[in-house]
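Next up: the structures, one after another.
What follows is chain A paired twice: with chain B in the first complex and chain C in the second.
Up next, the complex of A and B:
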């Protein structure tokens, strides 16, 4: 397997064999390791010393179900700490088939301008990208597919990445070739923009198959793992049928749906933005209720959403996005929210960060709560790069400062996602402590708190939450390294034989003798490396805290976030 | 007693379509969660997530007049 280094100062591409100690690292484990080894934690995230690492997961490109997830790693301009940002789409599978373990982008160009990185079976080259300057993701995708072939995967940055805004994403095209999958969180698009790369075209035509040491064993384990996923009620039924937005109603019932910039736990119009509503609207307009973000996903939580005229509007319309612009901003018009999702994808900016930021902007009186048109106009300003647009595009923390707002839901300057930590306390522990900044996926305690998956831990009490979050953070760091979608975790947590099947696949593919304990050890090592990077970057325990307004009582349960600082500091005792 | 019953995802169809899964149900005083499930004709062994007044219930508790009960099939996301 190859490591490809792109030096943007010299415009030079070099290929090296991956060192042996990288053998059992992929995805997040690998991006984290490379960043920790090669990047000075105190560097400027947009300067020449930062790097951006792109790595498919260990199982990506194989027949392992739902294994096409991609990791990108970098020092984050949003959090100031290490970041792994994860996306679906077709990039990971293609990179793995091309025998690429990681692409490491270094330095910054000496002159202005943008390049395109073209990856084929014959190697990697930099080509001039100046004609794409100022273009947004949908147009970039279409242009590059026309030029290089319909089947290529396009990773790209929109205007937000060009302006180097902290909310900027790296888009990854999906199985339909649309830029709707994003390495969303933490400003990876700004880092890629700082390196002068506008797009990466990945063409796996005539690429060899991923090498598998023991085909038979691999197939058997993959088949069984697929069966486990499709027979689990969440990954086999709930997610394909209703997508992730089915969570709107359950979080609303549980009093954990953050409403009006985290003021209430329930939204009166939850039904109008619910997964059930999205499902009905999609069916009525002949969109697609069930859709896979990459070939080989058996869960297929994605969907294709049409507008009132029955024309394509957006895809991959997720719970977090719907919450962020919906309940959080008091917008109850699902078509307006779909439009905001489309705009974020096109401009190349994180939907969660933008929804949280709009809430803060509304708090600061920039536009009123509930003003969908106002939110759309603000996003258009991000696209144009006006001064206000740049404030918004730099995220919730930045916008809060610009408008003197104190009710700013962030941890490590990253916007808090769609579960109120006062009524889902386990996820509050994850927001506070994960090295990623407020990130629900880093240790998804909603499983045991709300969804009855794994164990049951009362979401309103603090007991057991630190341990729950710790175990999930460790497991997630490992899963993020395999390329498996995090949504396999529902089955992994409930079905004891599932994790063994993952280990079996890894062993069969790489000729290893790993045990489940080794996988846990890998997860622990990843977290420790990330935390140590953050400490050196200046993010210590004092940053592992929620904003003080989570000490105000939240309706309907009247709860506050009461996990103490000392308890939070126990999280990394492993 | 009257209960505010909210059914979600695939369970919505138990109520007439225009109700969008939300309806008032009248049961005898002292009825329990199991009684409600039976009344709704949900198979006994169906895996469910049940919230009573926003709190998850695992036991077969006695219900009270005015309770808000949300019932979900297994769902997930993130």
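Up next, the complex of A and C:
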């Protein structure tokens, strides 16, 4: 397996064999390791000393079900700490098939301008990208697929990445070539923009298959793992049928759907933006209720959403996006929310960060709560790079400072997602402590708190939440290294033989003798490396805190976030 | 001596006797102690848990020469750490005469709107300030002096403080009632704005004199201390004659005058903005070449600058301001720079932060380098609170993020002042390590590095700089607690008996038996308290660093900032 280094100051591509100690690292484990080894934690995130690492997971490109996740790693311009940002789409599988363990993008160009990175079986080359300057993701995808073939994967940045805004994403095209999967969080698009790379075209034509040491054992484990996934009620039924938006009604019922910039736990119009509603609208307009973001996904939680005229509007329309622009901004028009999702994908900016930011902008009186048209116009300002657009595009913390707002739901300057930490306390612990900044995926305690997956821990009480979050954060760091989708976790938590099947696949593919303990150890090592980087970057325990307004009681349960600082500081005792 | 507490949620004023352990604390020692004791380091700087403390120095209000400095303390919205911001003007003397050791402003109003705090010998009251809403400092001063008497001191915030911008100052009127002295750095104006206080009127009519235990001893020490100050070449000759701008030519000669956003160490047109030039222009236009910012100052480094028509334009026209808008922005028109100084005073925003910010905005292409009119227009945007104005008004770090600029001269997000750390390495150590963020006054190593005051340490070599900065930071923390102007330090460093005279005054005033060692111990304690607060606020050693671009060689000496991280981390070993 190869490491490809792109030096953007010299416009030079070099290929090296991955060192032996990277053998059992993929995805997040690998991006974290490279960043921690090679990047000065105190560097400017948009300067020549930062790097951006792109790595498929260990199982990516194989027949392992739902294993097509991609990791990108970098020092984040949003949080100031290390970041792994994770997406579906087809990049990971194609990179793995091309024998690429990681692409490491270094330095910044000596002159302004944008390049395209073209990756094929013959190698990697930098191509002039000046004609794409200022273009948004849908147009970039169409242009590059026309030029390089319909089946290439396109990773790209929109205007937000060109402006180096902290909310900018790296888009990854899906099986239909649409820029709807994103490494969304933490400003990876700004880092790629700072490197002068507008797009990466990955063409795996005539690439060999991923080498599997023991095909039979691998197939057997993969088949059984697929069976486990499809027979679990969440990954086998809820997600394929309703998408992730199935959570709107569930969280609303639990009093944990943050509403009006985290003022309430329930949204009066939740039924107008629920997964069930989205499902019906999609069916009525002949979209796709269920859809895989990459080939071989058996969960298929994505969907294709059509507008009132029955024309394609957006895809990959997630719970967190619907919450962010919906309940959080008091917008109850699902078509407007779908339009906002489309705009974010096109401009290349994180839907969660933008929804949280809109809530803060509404709090500051920039536009009123509930103003869908106003929110659309604000996103268009981001596209245009106006001063207001640059404020919004730099996220919730930045927007709060610009407009003197103190009710700013962020941790480590990253917007808090779709689960109120006062009524889902396990996720509050994750928000506070994960090295990623407020990130639900880093330790998705909603499982045990709300879905009763794995175990059940009362979401309204603080007891057991630190341990829950710790275990999930460790497991997630390992899962994020395999290329498996986080949604395999429901089955991994509920079905004892599932994790062994993952280990079986890894052993069969790489001719290893890993045990379940080794996987846990990998997760622990990743987390410790990330936390150590953050300390050296200037983020100490005092950053592992929620904003003070979570001491206000939240309706309907009247709860506050009462996990103490000392308890939070126990999380990394492992 | 009294502590006055103002609870802005309840609109309640309470008076308490200062506790015994505050007896030998004034100025910075006291503001730091109150903030450290009473403010949660992780609180939102603009939220209800932050406080703003106003304290005159220990000697303020007495006949001690140059002892009228005021300290305000708060958690800074700019740096995220503790802040003491220090100004001249007449507030400190009047507060001391009114027997007020500190005013502590707490909580935030339940409803929008502004109050005026009125302080007289009869007590402290909150008065409706709604008619001042949106007003700038010159108008506020005139209005309140008309209403409450010409001789009152007015502390106030301009539009920048109302918008809660991180660069906002608290203006303090001078002997002529002009809002030209500012607690400038760190956003104190934003904190006062968040508390809903637009102005503080201090009226010492019929106030008793400050109690002095042993008048004779005090007078003798004060007289001798005055003599020492006036016979020192810097405080007795250079500063009164040319003002602080005397440093333009000196720093230019030394290759330490940061030019074009810290690209060069010399400015080709330094002679057009030098102290000597300012002196001649003032004389020609019948301004005042020398002027005291508060009664009893024997140094009188301030001046009154007239425009081409011979009308008042600005006062307190400092070296750092002239550098910031001048060499740093490549503006060589001294009248334009004076106008920028006036605008900053009026709008209530820090001149250093704004000059550094303009340099960053120029770097980002918002306006060209050298564009004086453009800079004036940007400040008018701050006044109006436009989106661009809010970006600029939040300072250099914020503006850099908005426009994707990486060459951002800040430490702890505060703009680096007028001495390049590559050719004045002692000041670089201070910028990096002081708990205040980049602040030349916190440990003014320019003394030994450039002026050969106290000792001489080669400014181009790293040897001895950490020790120099450490000793100066300790001494400064003590001086900032006495109410003495920092410019007394030249004499304190060069004349062995000077410090004993300060101790003599303190002992005579308060009936104490302090030694010189006690004063040093006070300075050390203040620094340690500040650093401890910062750690708890999330600022660890990794924040004690200069931006990476100071590794680029600086003309004319070809030097880089080469004091290592490990050496910087030695600073607090005392």
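Here is the rule we use: the second predicted complex is superposed on the first by the 574 of 574 C-alpha atoms of A that agree within 3 Å, B and C clash if a C-alpha of one lies under 4 Å from a C-alpha of the other, contacts with A are read in each partner's own complex, and residues count from 1 in each chain.
One rule holds for everything that comes next: contacts are C-beta pairs under 8 Å (C-beta built on N, C-alpha and C of every residue); 3 or more make two chains touch, one makes a residue touch a chain.
Just so it is clear, the model here is predicted, and its values are computed rather than measured.
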May I ask you to decide whether A:142 touches chain B, chain C, both, or neither, giving the answer as first, second, both or neither?
neither
Considering only the touch criterion stated at the top, classify A:1 as touching first (chain B), second (chain C), both, or neither.
neither
Touching partner for A:253 - first (chain B), second (chain C), both, neither:
first
May I ask you to decide whether A:388 touches chain B, chain C, both, or neither, giving the answer as first, second, both or neither?
second
With the two complexes superposed on chain A, say which partner A:514 touches: chain B (first), chain C (second), both, or neither.
neither
Just checking: does A:539 make contact with chain B only, chain C only, both, or neither of them? Give me first, second, both or neither.
second
Counting only touches as set out at the top, which of chain B and chain C does A:560 meet: first, second, both, neither?
neither
Give one of first, second, both or neither to describe whether A:487 is in contact with chain B, with chain C, with both, or with none.
first
Spell out the residues on chain B that touch chain A in their complex, using ranges where they run on.
6, 8-10, 12, 20-22, 47, 49, 51, 53-56, 58, 68, 70, 72-78
Give the list of chain C residues in touch with chain A in this complex.
40-44, 46-47, 49, 77, 163-166, 190, 193-194, 386-388, 390-391, 394, 398, 401-404, 406, 408, 535-540, 542-543, 545, 547-549
Chain B-touching residues of chain A, taken from the complex the two chains share
233-235, 237-239, 241-247, 249-250, 253-255, 271, 275-276, 301, 318-320, 423, 440-441, 444, 446-447, 450-453, 456, 458-460, 486-487, 490, 556-557
